[in-house]
Amino acid sequence: MVSEQFFEDYEVGLSRQSTGRTITEADIVIHAGQTGDFFPHHMDKEWCATQDFKQRIAHGTLIFSVGIGLTATTINPRAISFGYDRLRFVKPVFIGDTVKAKATITVLRDHPKRTTHGIAVERVEITNQDGETVLVCDHLYMVERRAPAA
Amino acid sequence: MVSEQFFEDYEVGLSRQSTGRTITEADIVIHAGQTGDFFPHHMDKEWCATQDFKQRIAHGTLIFSVGIGLTATTINPRAISFGYDRLRFVKPVFIGDTVKAKATITVLRDHPKRTTHGIAVERVEITNQDGETVLVCDHLYMVERRAPAA
Amino acid sequence: MVSEQFFEDYEVGLSRQSTGRTITEADIVIHAGQTGDFFPHHMDKEWCATQDFKQRIAHGTLIFSVGIGLTATTINPRAISFGYDRLRFVKPVFIGDTVKAKATITVLRDHPKRTTHGIAVERVEITNQDGETVLVCDHLYMVERRAPAA
Amino acid sequence: MVSEQFFEDYEVGLSRQSTGRTITEADIVIHAGQTGDFFPHHMDKEWCATQDFKQRIAHGTLIFSVGIGLTATTINPRAISFGYDRLRFVKPVFIGDTVKAKATITVLRDHPKRTTHGIAVERVEITNQDGETVLVCDHLYMVERRAPAA
Amino acid sequence: MVSEQFFEDYEVGLSRQSTGRTITEADIVIHAGQTGDFFPHHMDKEWCATQDFKQRIAHGTLIFSVGIGLTATTINPRAISFGYDRLRFVKPVFIGDTVKAKATITVLRDHPKRTTHGIAVERVEITNQDGETVLVCDHLYMVERRAPAA
Amino acid sequence: MVSEQFFEDYEVGLSRQSTGRTITEADIVIHAGQTGDFFPHHMDKEWCATQDFKQRIAHGTLIFSVGIGLTATTINPRAISFGYDRLRFVKPVFIGDTVKAKATITVLRDHPKRTTHGIAVERVEITNQDGETVLVCDHLYMVERRAPAA
């Protein structure tokens, strides 16, 4: 899906909601395999049973990657993702939890150097099946303007 | 590897360097498969050939996840990772590039609410085989103190 | 993306074009691993070099699965996929080829037994980077009607 | 295993039975990752609990690919698979179901254009642990003749 | 494929040759992911270029696992694999090399304690596309006898 | 982690204990996919229920590869792994079992031909969550000497 949107087309408050995805044991195994992070917090259910959270928890980078992936449904050829701010792990995600991502435009500001582009901030909030927020972050985009800023 | 370190054991300026890892086409395929992000920027070499960067680029979340994974070599049972600040994609990473991560303690500050813990900020800088920085971020940890803060 | 469409909303000739996807060596390795089909046609480049096609070829089930996946972008809660007709492997797909899928509604007919549903046939044509057709099939859907058929 | 068989060696009614394979949550996760089909029918157990089938169902292309893979045990250098007819999803397959494939030669006919080859149709029937058919299809092969057809 | 064979059916000198399999970069990435062994010998092409072997080498456990897998074509319900002796890595395997396995019965001896079983030793020799041996090992089976040993 | 150790630095009796890792259904699925070994012992829970062990068992090569991977935490640039002796599968590993590896230097001997190197044998013992040994083997290393042997 390609949907061309210029900076002038963005509006603060516009939001979109992803489909849900159950985080499986297989996801954790594959993420450990991709990142090389085999810490017992994610991989050793016996050790986890002795800890406060009692069970294996998903890697923070897994929930972040999957959550951002859930929002990656439409290509805007006028926008470039250049980073994230204030990424926070609010609650652990366990095997069998189901996450969704909500993305809301929260800030639109001038680009510090270029009049041809603006900066859009999309707040991403990932929630679990109980409606609890598990991760938040601000996704930063540089978006082409239809007409240069004054 | 477990190495217990209290907040008092951290020092600004201490740094560690990871081993290197070549980012392969397989890594991108597996990351698309894990996240569901099959955007042509990552998956379609014909389309990429028509773009400025001329070739497929790794997902930002892949380089972030792999880079953080490269730093995950020692477990400190006194520290909890709770998020990241100022994550920026500085340069694209292409298939066949080799990345390394350098992690440096840059800030040590009081926890805003708890006297029992401090906040440590570890700057992570991911570089490619030409020594160019491709991604930076600040990794945030809450670390137990040996003795409560004054 | 959810888009509710009743049988009455379908029109013969309506078509949609997917994004492209480069078929990689990793895709073949993962597909062999998923299906257990390690035939030398897909896995042994030395043996392939002695055959007519000279190089490893993608599994037919891989190109079919990926091609159908490329068309799976919008959920229609009123439609159920129940099968395929006339699936044909027209040309081999090699490592590095880039495929796209075009899906066109070709037939709309009454359900043989239910007045509440109709049958929609979507012809899927998968092409490579040279515009050559590599696979075709007819995807069969049972779609709810807004009003019962006469 | 290589077993050379000419068209004259095929007999209608000859059948072979595969070993069984339990369809796991990991298989579905890997198939979503290979195809890009992350529809909630396969990936979101909360949403599935609100649907008629109550639980996640395997992708049709997964059961087809695995089922055909189960039959791919012997290479016949004289036969080429060129497609499938009448592929039907008869019943859903759930996580933990165990499937088997039975393949039976049902039709042997002349090739429409070549006297050097015949067409063999192998009906593949995939069943679950309760003996219920979950998928059927007709696998089409072009097979070399020992001697040209009259 | 199931083929029942009692100890009395084994013969020293009987051998079987597997099909070939090209070892890909994806295989190494997946094996690192499965084992957690991300040593630069396998993962960092820049570092490898500074070493004697000049390029990434496959994990020993990968070649062993794939080689044994190549021999796992026929199930003998009367035999149990219980270990390996004298496993040796004779030559490195590089990305793009194609391996085959040859398995030969080399020893048949009484079970040290049970008269109901014998011990069969199958020497497995894995070679590359140049016919060079890259790995050897002795695969040990305990095999049921048709009749108790004298 | 790189830690240079010459043959003279090794001591019989020195041992190290790995972290734990739960063997998951996903690990078995991925290992079958990597090796091509889809024997029902690992893949078919219905058939397994009819056997002595009642449930699916992990591949021997999986437990071996994972166990050796658990010990691969520190690179010694002066040592080369060249093989294994007396690899034995002592007990089956089931889905959900958690394994750990203990590695102990048991033998230090002269190299048969080179005065510049010695041979170190590291016994690897893999145990499950009940402390039972499931696999043992002797890992063989050729290690550079600081000074030639007399």
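Should a chain be cited, it is by its letter among A, B, C, D, E and F, assigned in written order, with residues numbered from 1 in that chain.
Throughout what follows, a contact is a pair of C-beta atoms (placed from the backbone, for glycine too) under 8 Å apart; a residue touches a chain by one contact, two chains touch by 3 or more.
Source: prediction; values computed, not measured.
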### Task
In contact with chain A and with chain D at once: which chains are those? Just list them.
B, C, E, F
### Message
Give me the C-alpha superposition rotation for chain A onto chain E, in degrees, nearest 5.
### Response
180
### Query
Is the number of contacting C-beta pairs greater for A-F or for A-B?
A-B
### Query
Matching A-D on over half of contact pairs, by residue number: which of B-F, D-E or A-F?
A-F
### Message
How many angstrom lie between the centres of chain C and chain D, each centre taken as the mean Cα position?
### Response
15
### For chain D paired with chain F, centre-to-centre distance based on mean C-alpha positions, whole Å
38
### Query
Cα centroid separation between chain A and chain C, in whole Å?
30
#### Entry: chain C-chain F separation of Cα centroids, rounded to whole Å
43
### Task
Give the residues of chain C that touch two or more other chains, as numbers and ranges in rising order.
19, 21, 24-27, 29-30, 33-34, 36, 38-40, 75
### Query
Looking at which chains touch which, would you call it a line, ring, star, complete or other?
complete
### Query
Along chain D, where are the residues that touch chain B in the complex?
30, 32-34, 36, 38
#### Entry: In the complex, chain C residues that touch chain D
21, 27, 30-31, 33-37, 39-40, 59-62, 64-66, 68-70, 72, 75, 81-89
#### Entry: Contact footprint of chain C on chain B as seen in their complex
24-26, 29-30, 33, 38-40, 43-47, 56
### Task
Would you tell me which residues of chain A are touching chain D in their complex?
19-22, 24-27, 29-30, 96, 98, 129
## Note on the structure
Residue positions on chain E within touch of chain D in the complex are 1, 19, 73, 75
